[in-house]
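The chains carry the letters A, B, C and D, assigned in the order they are written, with residues numbered from 1 in each.
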Amino acid sequence: MQEKLTTLAEAIALVDDGNVVALQNMATQAAPMALVRELIRQEKRELGLVVLVGGMAVDWLAAAGVINRLIGAAVSMEQFGLCQQYRKAVEAGRIRVEELSETLLNARLGAGARNLPFLPSRGAIGSDLIAQNPENLKMLDDPFGGFPVVACRALIPDVALIHAHRADRYGNIQYEPTVLWPDIGIMPKAAKCVIVTAEEIVDTEVMRRHPDRTILPGFMVDALVEVPFGAHPTSFFPNYGYDSRFHREWTDVSRDDEAVSAFLDRHVLTPSTQEEYLDAAGGVATLSRIEKWEKRG
Amino acid sequence: MTDWQNSPAAEDYTVDELMIAVLADQFRNGDQCCNGMASFIPVAAFMLARLTHAPDLVWLPSSGGLESRPDRIPASTLEAPLWRDSIMYIEQYSDFWNFVLNGRWIKKFCVGAAQLDQFGNANNSVIGDDYHAPRVRLPGTAGLADMGSIGKKLYYWNPNHSPRSMVEKVDFVSAAGYLNGGDARERLGLQGGPQLVVSNLAVMDFHPTSKRMQLRSTHPDVSIGQVTEATGFELQMPESAVPETRPPTQKQVRLIRETIDPDNMRKREFHRKS
Amino acid sequence: MQEKLTTLAEAIALVDDGNVVALQNMATQAAPMALVRELIRQEKRELGLVVLVGGMAVDWLAAAGVINRLIGAAVSMEQFGLCQQYRKAVEAGRIRVEELSETLLNARLGAGARNLPFLPSRGAIGSDLIAQNPENLKMLDDPFGGFPVVACRALIPDVALIHAHRADRYGNIQYEPTVLWPDIGIMPKAAKCVIVTAEEIVDTEVMRRHPDRTILPGFMVDALVEVPFGAHPTSFFPNYGYDSRFHREWTDVSRDDEAVSAFLDRHVLTPSTQEEYLDAAGGVATLSRIEKWEKRG
Amino acid sequence: MTDWQNSPAAEDYTVDELMIAVLADQFRNGDQCCNGMASFIPVAAFMLARLTHAPDLVWLPSSGGLESRPDRIPASTLEAPLWRDSIMYIEQYSDFWNFVLNGRWIKKFCVGAAQLDQFGNANNSVIGDDYHAPRVRLPGTAGLADMGSIGKKLYYWNPNHSPRSMVEKVDFVSAAGYLNGGDARERLGLQGGPQLVVSNLAVMDFHPTSKRMQLRSTHPDVSIGQVTEATGFELQMPESAVPETRPPTQKQVRLIRETIDPDNMRKREFHRKS
């Protein structure tokens, strides 16, 4: 098996300006935040982002001017509110949104994964999403005489960014307890290149004890980096909850461009290692807090 | 009459509690219901129904576990407390949508929208005319556009009934309601559709043939005039007199406050009133 | 939650003559054999069988005159050879075969599960399977201008028959360690009615300890019966292997109609309980043999 | 030159061992290969390649686990020994076909067919003219029809080279080969296709433009005449002389007999010869 272990810098060097990048995320959950920060540090530009429900990661990438288009179903930090930097960029026309419903996005990615030109859905029929997007969505008659479907054109991201619980050095990726998040089930299977951070790298023998936990085989994975708490400040069930203090700090500054810049400086640009990042986010006290899964953020 | 039904009408209740009770009443034992993000009112309604008349109601968050056991409403209606101790993790890409798209399961979806129009079309996408430079970029449709077209019964809640949220025509149809009304849905082969809108002022449903939104009941101490004034289109009136929305019972209020939502998560979306 | 626990007789009473019945199976693996025997005992007739790769179950159902059509990708007992009774019935025109490739069958069932009129595949294009089956397979142009696909019409079986490792009385179904067999991933989700046998019925609290093992929620399941060794003589990983002696006994008689009739009498019609069935199949000695996963059948 | 390449040509070997060595030679380090039911020869070839020149060959049974560790070829090439100690269980409906249909992974499929014709079309469905009352009902196409159309390179093995198995035209196209030859595949947008046919008599490939099957090499002690006589169509001859198939090395034979297949599973399909 081929070695896939590398550094954040080398992993993100695989992303080219202009790429379409699929990002694992769900409001406050499971985003590969170390990879997101590295995208900003390497000053990637004009990326298109594919995300089912984007949260703080999208707001950061919008604030840092990394993305200029987004293909997704929603962007929100749920109880922490709208992503203000993203919102402002869209309202200013700096980010172009291809809004898809969940079944349409899943169909586009599913077609990409399975090398099909399209997959059909019956979702979103009658909504304005379809007329808005003639390039990728077309009403199609049922050849068996029933009602029409929406043909959803295959979407093949250039890169998928994923965070996982465990991996071996050959890029076999495990989730604990199993696939839960919406996008992990399909995004990496559709992408041309898969970059993964994992909470821990273990020996292959450890993987073999629980083959049911493996969600991606090594041959699908292009680069792998060990990043403990790599999803902070989003949650990573069952390891740790989202960091509500950090989320509130961000939403407190996120309408103010100068404060945003200082925030990103402090939390994204200055820390040169994951340890330094975690220290800037409150260090051990924060980690022990999020490991307790505070319920009332 | 069971315990909670025998309980006298509450005098001390807030409108969020009333809305929860109205919604809970829509869900029968054995129904299968589903919610999205930041859905404190729907989740409270599901939990209330299960604690009173519908113990076998199946409640499925659109990300999370089946029959999980949060001790109360968590701060997120999609996050990990809704996976804990569940009977089954429902992975979204395959299982969740397999269950939902299949017409036999998960028949009711309870959700909010930034704008609703007179035909129950919903907008969670953009405010303004230019889709690519909108006045306000909203979160996006997420799964709502799907739920609107795949035969589900939709129950909308609106904590801020106003001409801004109840509009003549939505700026963008994020999810199909009755489109232009009449049989417009049927012609596209769409079943289901919006059933009820529960706002902080009133309860509304849809005229059986025109599919225009009509007043079903006004909440206690709210006049019909207040409702029509807060509505950005001509709200249809029923043929008979408009009754008053039944207030929650004392038992229902106690369950909401003490058991279901002691952290008052349900109040979060009520910016202006309640 | 509603109670789903019942008897084999009542469960199979849900199957009507003429029904399309989806059967979990894979050559020598994981067939719900107790349900198959009950179909024969109840003298069901004119069933259509949906099976990915059918094994001994198909041969028995053919021998007993239960099925008159089959929708599937293959019928074989792998190292134990062809299913002779099935083969004879097809050659005589008594069973009509709708042969599908695996992706075509998966697409038909996937469309059925998702309430879509069809799903596309690029599999089997150029083969005779498509022209042979114009009712359910149609070449369809890609609306985005690429090469055509095969539209595979939705297939909604009336009933799905499944065997599982564990269930609670409310019909929540668990597999150990996870979904492995080809058909369990989609067949029960497409069917109108789902009948399950399980190795053991456990308390719901036991299910909650491993929600990742649950593969079907109770609301999908219509009838449930506890049947230890319910997949015998097929294998049921990791609990027990296939019974190679039993398979060889069957293949030894399966070309001879009289011997077949005696075999079915002894193993299907006479035993009135699972215990009696297992005794007729060699009892404790057989069980301890298959639990050792003999490797050289 | 590695150990096994330095090993002298075996003198004591059987044709199944020669076929395994020929097939093993088709698979490179880093290739991803796949097999179906009752595929002892392909599995032995994968295992031999991994033990010699291609340690990183990814081998995926079409039902089973990734990188499982059977100590030897089991009696079934799909059954549970091929799940044990694997790195990942590959569930068939979603994962297996997601990986296979995606053009980037699992590029080679090694399989047998009851009939193969001059253009590499394969039949595992029916012998006879009447599909619904065939002379012989064969097992069925399983995943082969898919593999034939989705860009895979197909490697066929045939333990019984005869006019019955190598036919002018298959009774039923269970899996597309080169159809009517020439650019017939390309016109349907089909990539990949049959690469090699390894029989008990010879090795065949396909002419680059006509796509007719042509002789590549004859096995030791087999004449060209024996091969053409055993072939039910006019086998094309290469422009240069037909070489002899390279026999397995002593090391390869030892690995097959002692390590890979001490139970002689590989002999099961060889009814008439070897």
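Structural remarks
What we mean here is this: a contact is a pair of C-beta atoms (placed from the backbone, for glycine too) under 8 Å apart; a residue touches a chain by one contact, two chains touch by 3 or more.
Keep in mind that this is a model prediction, so the values were computed, not measured.
The chains in contact with subunit A as well as with subunit D are C. Remark: among chain pairs B-C and C-D, C-D carries the greater number of C-beta contacts. Centroid to centroid, with C-alpha atoms defining each point, subunit A and subunit C lie 39 Å apart. Computed centre separation for the pair subunit B/subunit D is 58 angstrom, with centres defined by C-alpha atoms. Rounded to whole angstrom units, the spacing between the C-alpha centres of subunit C and subunit D is 29.
Across the assembly, subunit A contributes residues 115-116, 121-122, 146-147, 177-178, 185, 211-212 that each touch 2 or more other chains. Listed for subunit D are residues 83, 89, 94, 97, 101, 150, each touching two or more other chains.
You'll find the chains touch as A-B, A-C, A-D, B-C, C-D. Chain contact summary for the complex, subunit D toward subunit A: residues 30, 32, 56, 58, 65-67, 83, 85-90, 94, 97-99, 101-105, 150-151. For subunit B in complex with subunit A, the touching residues are 37-38, 63, 74-81, 83, 89, 91-94, 96-97, 101, 124-125, 131-146, 148-150, 172-176, 179, 184-185, 188-190, 263, 268. By the touch rule above, subunit C contacts subunit B in their complex via residues 1-2, 113-116, 168, 172, 185, 189, 192, 204, 207-208, 211-212, 214-215, 217-220. Of all the residues in subunit C, the ones that touch subunit D in their complex are 26-29, 52-53, 72-76, 78-79, 82, 86-87, 90-93, 96-97, 99, 101-104, 106, 121-129, 132, 146-148, 177-183, 185-186, 235, 237-238, 241-242, 244, 293, 295-297. Taken in their complex, subunit A has these residues touching subunit C: 115-122, 138, 140, 142-144, 146-147, 149, 151, 153, 177-178, 210-212.
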